[in-house]
């Protein structure tokens, strides 16, 4: 009704018009985003509403598209590592790892054992930081303002720790082909050890304040049910798939790096709803702490960068490789093809959030607007990663 | 995998080393059997990881990576879309997530997927819909057999020699030339 | 019956609201976690890696160790470094004479050109602070500064010459006043 | 009558001044409390402990350009914030701050408050409707459904108390209660008090029932398009509304100005502040409920409970009249 009140006004851009073609009579077309408080950046979702019920939804991407895959083709492999920190600001080290892992596979480079442990420790810390960021932002989506402050309080501690070896707080470029840039010093190890019991003591508070809260439970229980076959059709991975009861943790199934030696569980939930995904992430934080603790005990002495590690001018040998790691949001995959030249021939990035978001259109159908926000948040979206 | 793809018109099938390149199998299919293969993989519990095109001398080599959820493994299904008319059938009705991957491939390489329900630009600006950033110059293109893993060949359609390594003598004669074209 | 049970459960779940209030009430009383920043110093700045700076030599801390080889500029993923080599100084007549004599004797003339760079242009606005340049420097002449207070009014404020920066820091440092004029005259 | 007229005039001026003042103070208190709950200091730069921050914000709001979106209805658009603010001023008139300290001593004070409180929803509807914004429209629709729904249990719980007191004059109701907490109506009507507080949160659109302006869903709901003082008036009205509902709760349930030792007005202000603090704590602790849940809570829980409470109360009141026992 409103959109017809002023027919001389512009109906909308390409995507709105394209979307409106299939709109039902008398429905309201609403652009959630690209600037909208619940879309965590510049995601845009065009929704068709009947009252508050969503008839159809279509995410519109590309507002943060930077064409990393093209950048990979104009830089040498080692020079591309800083880009990986910028793909996903939530868990930059996961992307660091996926890329250097793929290059190492391509070049047949062995990584020193200590470096593997350092990689596990730092990326698991980063995973906790990412989940905390999600937790706070999700609660903000659901209208609770305080949890994000508590989450950031803890997250700051992690960032302070990660700042010691990496020097940065968000967009790390810490991993190197054949190891990591610098070793964890004593101060860093001490602070990680102090952090583990602290974080464990905080988790019950999270439970009291939020997880058990009746309002929150009513908001997320039974909302956004994702059946396993939906995960399969859309290629959802990570906590989204695990929240639907699929045991698909790459740390378990692929056992890359030293994860085989570590004792931890990859939580799954049979609830399949937003609550299931919430629970999975909360348990994952605990499990990551276990992993870090074990790694600190088991970490051998030694080098953290292999001798003769590739220089920036290093040419990757001919061939292709695919390497995937379990990121905070799911399977981070990097597919590299090299023709033996100075730069990579092709670098294909598989962003977990991209596939996770693609199922939103189907899952959100028939829900009300507030639930759509709850579902969107439960997918844990990091827009730079989705748009790449 | 042999059993899974049995009866489909295949072009090329090879077992690969998972430790080395991250995939167990690769298959090159004619465009016509792509959908059937996707359906079989779907039934076998695989999910679609990604779709990525590769601009080679022979055409756009579109690679579909499939992986199972709860075990390690990866299958690369490839189809070649010729430069002149890069058209492939869409598998978006089998794997719904493929819709976005196909739209992305269209954005980057200009490969058109017939049957995709909504083939409009996804990551690129609609105003730049016919600017394909990842297409390569004629000179910069490499040949498939040079850059893709050959693997342990299980089946190769007669007459298909794009993945056959060149005879040693010939290869030795022009490695320098290869590097230059690359 | 079930409906009543469910209703009763809903009522008992209301207690969780009180638990939530207890948590926020507790933190309301507890001391704040924020640092009142401009008035109080932050504690985590010592491990911060700020923009690049040149490392001074062993003898003269204000003479760059850099040997102008350009490895850093080559390695940089974002092309934010430009190293300008020094030109050979014009030889004095005596030196020229000595040079000619040496040539007669068949000795190779020694390159007297100072190795430290004339200019070391660094574009901080492009830099992603990855550290690749440092790792590839054969002389160990680059490091991250701990400068967290890098601010400017325009893009151009972040395009600076590290050699000049080093000289400025020398001028600012109170130690060794005698070394200062020597360095400037050299330049 | 001139005396009464002058009294109302003085009252109006005092109310207008105090509403502005209360608004400023409440903004400061809310931000400070929110800060401390979140373990940060809140405003602290402007003035000692940031007390002048709301003033600075108000100046900023006044100084901002007022603009109106294309296609908005100019009259309704500007009428809405004014309409949200004016009735709130009237709501203050029958509030008994102390013994005899009220601007308008009428028998139907409670009725006046309930009637004019219902008017605020009109301004939200107008604001949302007139701004030609889809978010505004959705917010307005929510506001109407919510306010209409929550008015009923609010009314029913208030009625229960006035049954007991036998009057709709707030001063009379207060006088019917005693000095000590066990003489207050909350002891005889705890259920009505609970219902009242929950409905009041819904009625004033405070979290967790801030659905009309739920910013993670509707950006800012009905006031999405308002800038400067247009937004400022909505904001002020929200706080003034809070004060009114808390004052009514104090008068009805918490013994109004009655209390030991301290003078009446101090007790009144103290009790109101306590209730307001509780509301602030609610906002910074809980997530937001969903819209259908909001209505479920109202129609399936508050309404039946309020009706039952009212029936029981009237039964006991009648019983007391027959047996001549004061209880």
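Residue numbering begins at 1 within each chain, and the chains themselves are lettered A, B, C and D in the order written.
Going forward, a residue touches a chain if its C-beta (ideal position, glycine included) is under 8 Å from a C-beta of that chain, and two chains touch if they have at least 3 such contacts.
Please read all numbers here as calculations on a predicted model, not as lab measurements.
Counting C-beta pairs in contact across A-B and across A-D gives the higher total for A-B. Each chain gets one centre point, the mean of its Cα atoms, and the points for chain A and chain C are 30 Å apart.
Centre-to-centre separation of chain A and chain D, using mean CA positions: 43 Å.
Separating the centre of chain B from that of chain D, both taken as means of CA atoms, is a distance of 65 Å. Multi-chain contact residues of chain D, defined as those touching 2 or more other chains: 37-40, 284-286.
Touching of two or more other chains is recorded for no residue of chain B. Multi-chain contact residues, meaning those touching two or more other chains, occur in chain C at positions 17, 20, 23-24, 27, 33.
Taken together, the touching pairs give a contact graph of some other shape, not a line, ring, star or complete one. Here the touching chains pair up as A-B, A-C, A-D, C-D. If you check the complex, the residues on chain D that touch chain C are 33, 35-41, 44, 281-282, 284-286. Across the interface of their complex, chain D is touched by residues 2, 5-6, 9, 28, 30, 36-38, 51-52, 139-146, 149-150, 153, 209-210, 213, 215-216, 218-219, 368-371, 373 of chain A. The touching residues of chain C, counted against chain A in their complex, run 10, 13-14, 16-17, 19-20, 22-24, 27, 33, 44, 47-49, 74-78, 128-132, 135-136, 144. If you check the complex, the residues on chain B that touch chain A are 20-23, 42, 45-50, 52, 54-55, 63, 65, 67, 69-72, 74, 76, 94-97, 99-100, 108, 118, 120-126, 133-134, 142, 146-149, 178-179, 182.
Residue ranges of chain D in contact with chain A, taken from their complex: 34, 37-40, 70-71, 132, 134-135, 137-138, 141, 207-208, 210, 214-219, 283-293.
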